[in-house]
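The following pair of complexes shares a single chain, subunit A, combined with subunit B in the former and subunit C in the latter.
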Partner chain A sequence: MAATLCGRLLPKAGWLPLTQSVRHGSKAVTRHRKPVHFLKQKLLAVTEYIPPIPAAPPGALVRRVRKTEEESTLAVLLRKDLETLFKECKMIAVVQNNAINAEDLLQLKHKLKRHNISIKFFPNQVTRSFLNNSIYSNMLPLFVGQTVIFVSKEPKVKEMLQALRRSPQMVLLGACIENTLLSYQGILNYSKLPSMTTIQGELVGGLTMMTSQTVSMLRHHPAHLSALLQQYVKQQGSGDATNAITNKDASTVQEAAA
Partner chain B sequence: MAASRGAVVLKTVKKIIVQFCPFESNVRSTREFLIMVGSEKVRGTNMNCEVITAVKHDRSEPTIDITFLDGERLVMKGSKLTTQEMLSALQTRCSAKDPQAKIGDKK
Partner chain C sequence: MFSVLKSVFLGFVRTSSQPDVLQNNMKVLSAGLRTYEVPPDFSDVVLPEKPKLKFLEKVPNLKQAKKEMKKLRDIQGPAKSATTFTKGQYGIVALGGGYLHWGHMEMMRLTINRRIDPSTTFALWRFRAPHKPITRKGLGQRMGGGKGAIDHYVTPVKCGRLVVEVGGRVELGEVEAVLTEVAKKLPFPAKVVSRESLAALHQEQAERETNNQNPWTFQRVARANMLGIRKVLSPFDVHNHGRYAGKFFYPKRV
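The block that comes next holds the complex of A and B.
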């Protein structure tokens, strides 16, 4: 094409055309895919069809609200059980079990049944939800991991400790005895407490100790004097002959008087 | 979650003392570690190994004190550690000691 153009457009020598096509372009209808002219490409790009964005389906943009799971009825039952337990039983001990054997568990149960202590298993979630709403909320951190509850109506701590000593896998964490939360050391101290009657006796004795002391101090001198005089009379009556005894008596009486 | 690459082999461990205060809030990992170590399988690997638990109430940190057969002690303070970390630390040390003993025996 350049050659044909050059032939027509350069009639006189030395006259350059305004435009010169460098490439040896192909014809309009080709067998291969002819590359689109740049200007046409630009136009096509600018006038491209942009489809409208479809709106999101109604369910997608709604906030994901966590369904408040309804408590299963079993959990409700267990919670009621727990409530009654806490109301009835004076002593509730929390023990962590590190994989106790079945036979060991049976033996432990047997030993504790003798003293009316029963072993209860509750799922942690239920106990936690119950404790959250009750006054025993300070027991919450105890219920982590595998825990077992020992409940009994009477606080028989010594027997429980003895039974637990046999099984090293059960670790006593804490107890709620008569609505007071006790730690391990607290439980040990509680077990060493004497019974109510002895404590009452000790208390009464302690209170009356001061008054009895004053009374005895007041009575001390005349009592001593009367005792000495009695002895003097006895010895006067029995040993009249021996003067040494009377002399001794006189000296003791003088000492007492002083 | 329970145990990575099998349970811990306690053949080289002499004693494990776990001490914590159950009323604190940072004892969860220590207690879980205790459960893992006290489980039947793990205890079955070495019946001579004693697992002793001390329950205290003095707001002290939960600690795990492990004594190995060759006298080495591993003390882990569990308040900021997870159970997995503690278990893996124990596992690596046990396995590090164990093959040495085995290889020594074989040779």
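The block that comes next holds the complex of A and C.
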């Protein structure tokens, strides 16, 4: 230290302090953290970083905008598939899948395949985006949670219900059969409907009921008919109208007898 | 016959007595479609012929080995050289000053060479082999009798210097584990960085300096020698802004 004090001449360019202490502690660079002079501690405390305070909390000013992500190409492809399905298939049933086994699913698929009903898996995101922009938007509440759709070209509801009876994990939620939305009860009723030919026959029968009844009545023995008419007259009571009716009926009876 | 028709048509309108599955109050959980991120493109990455870290000599090849002064200023303050990335993508940056000796280098070399896949990754040193001689006196020697003999050689590393760089067809996640392992064993605090994260660190420091609400900064007080504070400050504090003290670095200081 003494050597440094009586060292070489002060260089003009540099700057040395006027006083240097004789006592020497540790060097400038130490392995331990040197005790900091109290004044320097105060300086460090005063000159600490103060972050800027935002006028409003960070979440308050930003509008809550829903992130509109671009639809991936896979989603577009799946949507196209869905479109073709809805166009081609008459029956589209939505079923909730409560963790069915692979084995049970295979068996169910096999049963349904026999009647040309196929099971389709689509992500809910894709189905919802498709349904929003189509006429089937009322089916949206069905596609919540783990859902699966059964599609088929022919509406074979009875066979589908029979197959579903064996698998308790699949819960039928609703269906769109021939562009009509049906709930579970509706599907059950639909399955109980007789076939087209029988309905047509019944309709025709219903329409011609009146005429056929009259024909059958006229074909019977006229005594039966006259007895019925007399009974009718008694119920109506007396009057000119009743007389007119009896006259008319008598004439028709005579014609029928002839 | 009429009853059949009636039940079919009214079945649509009438709500069933049996509770419908959808009429319960359930929380709507909408599962999305899994889409995958595009993996990064490494087509422009060139791998060198020798991807592994090369062996560094313990002792430099000198005819006459000269004893050197301690010169602890090679540890003090921020680094001037090797502060940015050259070929690699990820690296270890020193956040304090210190000496690296041959043991540290062997540890780094062996760990990294063992763990990286030479077909896809490469690593390179960012410092010289040990060149600074450190002397030691024998055990039990009294003071005096001249300077001790050269014991070993070291490389000085200043704060902010990159120690080792890793690059290639890899992502940070694959390399981070090895580098953190190595960084913990170094004699100074070190951090694993990538090009982006290092730039982000510098950016953050610059932002802190600009949006500091405190009107009093260390630099301002020291330069103007307010209250004669330079009596207790070193000349290095003036241009280090109080962020460096000896070999230590205080990143929080502005």
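A few notes on this one:
Operating definition for what follows: the second predicted complex is superposed on the first by the 149 of 258 C-alpha atoms of A that agree within 3 Å, B and C clash if a C-alpha of one lies under 4 Å from a C-alpha of the other, contacts with A are read in each partner's own complex, and residues count from 1 in each chain.
Simple rule for what comes next: a contact is a pair of C-beta atoms (placed from the backbone, for glycine too) under 8 Å apart; a residue touches a chain by one contact, two chains touch by 3 or more.
Nothing here was measured: the structure is a model prediction, and the numbers come from that model.
Looking at the shared chain after the overlay, A:80 reaches neither subunit B nor subunit C. By the touch criterion defined above, A:169 reaches subunit B but does not reach subunit C. In the superposition on chain A, A:48 contacts subunit C only, with no contact to subunit B.
In the superposed model, A:123 makes contact with subunit C only, not with subunit B. Looking at the shared chain after the overlay, A:99 reaches subunit B, while subunit C stays out of its contact range. By the touch criterion stated above, A:29 is placed in contact with subunit C alone, subunit B being left untouched.
Applying the stated contact rule after C-alpha superposition, one finds that A:184 touches each of subunit B and subunit C. Considering which of subunit B and subunit C touches more of subunit A, the answer is C. In the superposition on chain A, contact of A:224 is made with neither subunit B nor subunit C.
The residues of subunit A shared by its contacts with subunit B and with subunit C are 96, 141-142, 144-145, 171, 173-174, 183-186.
Against subunit C, the residues of subunit A that register as touching in their complex are 27-30, 33-34, 36-37, 39-40, 43-44, 46-53, 72, 74-75, 78, 96, 123-126, 128, 141-142, 144-145, 171, 173-174, 180, 182-186, 189-190, 192-194, 199, 202, 205-206. On the side of subunit C, the complex with subunit A involves touching residues 1-2, 4, 7-8, 11-12, 14, 16, 18, 20-22, 26, 28-33, 35, 72-73, 75-76, 97, 208, 211-214, 216-218, 220-222, 227, 229, 231-234, 236, 242, 245-248, 252-254. By the touch criterion stated above, subunit A contacts subunit B in their complex at residues 94, 96, 98-99, 101, 138, 141-142, 144-146, 168-169, 171-174, 183-186. Those residues of subunit B that touch subunit A in the shared complex are 21-25, 27-28, 31-32, 34-35, 37-40, 43, 51-53, 55-57.
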